[in-house]
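Each structure below is given as structure tokens.
Two complexes follow with subunit A in common, the first pairing it with subunit B and the second with subunit C.
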Partner chain A sequence: MILYDYILSASCYKVRLLASLLGVELQLRPVDFHPGREHQGAELLALNPAGSIPIFVDGDLVLTESAAMLTYLAARHGPDWLADADARATALQQQWLAFSHRLTAELGGARLVEMLHFNGDLKALQSNGIAALRELEAALFARRVAGGTFLVGDGPSIGDIACFPYVALAPDGSISLDPYPSIRIWMRALRAIPGFIEMPGIHRLHELAPDPFAEAPS
Partner chain B sequence: MTTAAVRNAWYPVGLLSGLSLDGKSSLLLGEEITVFGSRDGVPEVESGGRALPVVQRFGHLWTSLGYPGKDLFTIPEADHPDRTLVDVGVVRVKCSPLRAVENFLDIAHFPFVHTDILGAESHPEVRDYKVEIRDEVDEVWATKVEFYQPQAAKSAGGGITTEYMYRVPAPTCCVLYKTCPPRPGEWDVIALFVQPLTEDLCDVWPWMALFDEDSTLTELIHFQQLIFVQDRSILENQIPKRLPLDPAMETPTRADLTSVAYRRWLKRQSYTYGAQLVAE
Partner chain C sequence: MAADTDARWVPIAVSADIPNGTVVPARLPTRMIAVWRAASGDLYANADRCPHRGMRLSHGFVRGQTLSCIYHGWRFGSDGACQKIPAHPAVEPPNTINCGPLPMTEANGVVWGAAVSPAVAPDQFTGHNALRSLVIAASVDAISSACKGRRVDGTIRAQLGGQNTILLMNDYGSGEVQVIALVPSGISAPNGMKVSTALEVLRRTAEGMGDAA
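Up next is the complex of A and B:
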């Protein structure tokens, strides 16, 4: 399985992250996205006419949408991550995967303008990004009140992985996450899953301060 | 505040490989500039109808709003023909340009911000090192800096104790020389060139001159962007936003000797753009 990858791309990171959580090894092929714009070059356009990354290749299967890559990895290596126990869960999973595209376009768009000199209407991207964050916060709050931690089902699923990176990187586009406590608890839970890996701008969970009441190790 | 030292300094404003013939708008010290590529001649930078001086060096275009009294510094080590020269590309950071330089000079954050790459949480100690302001060249130098690094460079196979030298040849530029895993005895050169857009916003242009025959250029770019963007979120959250030059503002530790010398050197030449002179 080959992933055409860029270290600063949150969409590429989604695939790297799920692969790590599932213990699956990916062969990474670095793409000079910035400053080289290699994704717009002939070789990669032949693989993905949309001119976007990531691109995922497994034998004769070529995937160009990160949600499809997550679905494929989960279906093959960790079906629990599909969270498709019933019709309702299956539909909600699709809803969150689709919702993640809004996060990519708006929060990701603001980040590209603010960080890497891309063109775009920053104010509009930020406003739309904040609207999406407010929706996510409301949904996660409702989940918490009902006793859940993640978006669909009892455990983490591909919907969480699809939404998490651009949310966590919202500050890169000058959007604060301070107003969203449910989102922050959800991110904390995702970062605590064994096998979690970081990307630049998303730091790993450093160990919490030692418990002052714990007995000293003998 | 733009003092003579601020206006007369050289600043990076673009990658020579990425200039636009139509011109690209940017900011320098809060003033609007336009950077033009050139098909056959010398690139141009214009501000308010005035042509600014330019220098092409280290893969970047440099300019000044004032009248630089001296040439842009050189990095003789980088001229070796076997080195791979890496244009890493710009990253915009909402921080003081001086904060960006100071962070680059700091070693103590490696285990916590660049965990398992430039440092390990199990090895946080910064050993003694030597810092001086070299008056004859008017530069800040830190030498004999040693640090344990799990993956010091793209070319490093595993954990090694890396030796560093830091050099501040201009107020918004810093160059670090570090142990070069494939060529003992030589130094890898990694530089950070900072374009001050305003006092709390900057464009950072990292650049490298490395001995590395095994990694692709893209892999080298990714490695440096990985490191620098790990710093970015930290830089954007530093308080106060502007670098305090008043020694009463912050209490340094021994590990901060380079930073102390850098601040003292800035103050001595009245380089105050992005700095805070008195406690607020």
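Up next is the complex of A and C:
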């Protein structure tokens, strides 16, 4: 399985993250997204005419949408992550995967304007991004009231992985995460899953590592 | 806006939003603070600024009974004193390095903070408990009028989602108000969700009023 990857892309990170959580090895093919715009070059356009990354290749299967990549990895290597036990869960999973596209467009859009100086209406992107964060906060509060932690079902699923990165990176688009306590608790739970990996701007939970100053056991 | 030096309690968070072993950002009228709960469950607050390089300590992490900065790992105790500097493990940090502990107390599932220790405890709301906290980009007046509320001692009393709800206000003074909603203790989860939904409606209404003005 080959992933055409860019280290600062949250959509590429989603795929790397789920692969790591599932213990699956990906062959990474770095793409010079910025400043080289390699994703718009002839070689990658032949693979993905949409000119976007990530691109995922497994034999003759080519996937160009990160939600599809998460679905494929989970279906093959960790079906629990599909959280599709019944009609309700299956539908909710689809809803969160679709919702993640809004996060990519709005929070990710604000990030591209602020971080890589892309063109865009920053105020509109931020305002729509905050609307999406408020929806997510309300939904996660409802999950907490019902005794849950993750978006669908008892455990983490691909919907959580699809939504997490652009939420965590919202401050890159000058959108504060301070007002969202339920989002904070949810992100912490995701970062505590064994196999969690970092990307620039999303760090691991240092408190889970051994205390460097702990007294040596006697 | 109230002066930061006021010795008065300000509602800054919902207790349940700060699990053991975590740190969160919060606000007093004129300063950012980091509120953290040690492994023991004890709650502490200090300036949201590491005395080393100014990094927000709310981005840091709690280990045992200490708070560490995410940037270079400077470690602080409940008294604000720096205990360890990882880059200089043999150095005993001087006691002048301190992240500025602040007064802090909890009641009714609400975390209260202050810049200067108030003489009296925060108001008690017997029979009520915190449900959730949300930030509304509108004035306290707009919020009160949007829920047809009654102003009582700095709070708003209103019927929200069919429940007698008490709204505590933390006016950031920048056009945003943090609202902490208290509901009757022991209400069912579905009734709690009705209040939560009513709070979302309240926010849309209050913020809409701001646009119209």
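Keep in mind that, in the parts below, the second predicted complex is superposed on the first by the 207 of 218 C-alpha atoms of A that agree within 3 Å, B and C clash if a C-alpha of one lies under 4 Å from a C-alpha of the other, contacts with A are read in each partner's own complex, and residues count from 1 in each chain.
Keep this in mind: contacts are C-beta pairs under 8 Å (C-beta built on N, C-alpha and C of every residue); 3 or more make two chains touch, one makes a residue touch a chain.
From a predicted model like this one, the values you see are computed outputs, not experimental measurements.
Contacts of A:H206 after superposition on the shared chain: both subunit B and subunit C are touched. Of the two partner chains, neither subunit B nor subunit C is touched by A:A75. Once the two complexes are overlaid on the shared chain, A:V24 sits clear of subunit B and of subunit C alike.
Of the two partner chains placed by the overlay, neither subunit B nor subunit C lies in contact with A:L61.
In the superposition on chain A, A:A124 makes contact with neither subunit B nor subunit C.
In the overlay built on the shared chain, the residue A:A91 is in contact with neither subunit B nor subunit C.
In the superposition on chain A, no contact is made by A:A50 with either subunit B or subunit C. In the superposition on chain A, contact of A:V145 is made with subunit C only, not with subunit B. In the superposition on chain A, A:P181 contacts subunit C only, with no contact to subunit B.
Once both structures are placed on chain A, subunit A residues 203, 206 are touched by subunit B and, in the other complex, by subunit C. Across the complex, subunit A is touched by residues 15, 17-18, 87-92, 94, 112-113, 115, 121, 203, 216-219, 221-223, 225-230, 232-233, 236 of subunit B.
Per the touch definition, subunit A reaches subunit B in the complex via residues 6-8, 30-32, 34-36, 38, 114-117, 171-172, 174, 200-201, 203-204, 206. Partner subunit C is touched in their complex by these residues of subunit A: 134, 137-138, 141-142, 145-146, 178-179, 181-182, 184-185, 188, 203, 205-207, 211-213. Listed in rising order, the residues of subunit C touching subunit A in the complex are 13-14, 17, 19, 21-22, 24-25, 27, 58, 61-64, 68, 70, 73, 75, 84, 86, 89, 132-135, 178, 189, 192-193, 196-197, 200, 203.
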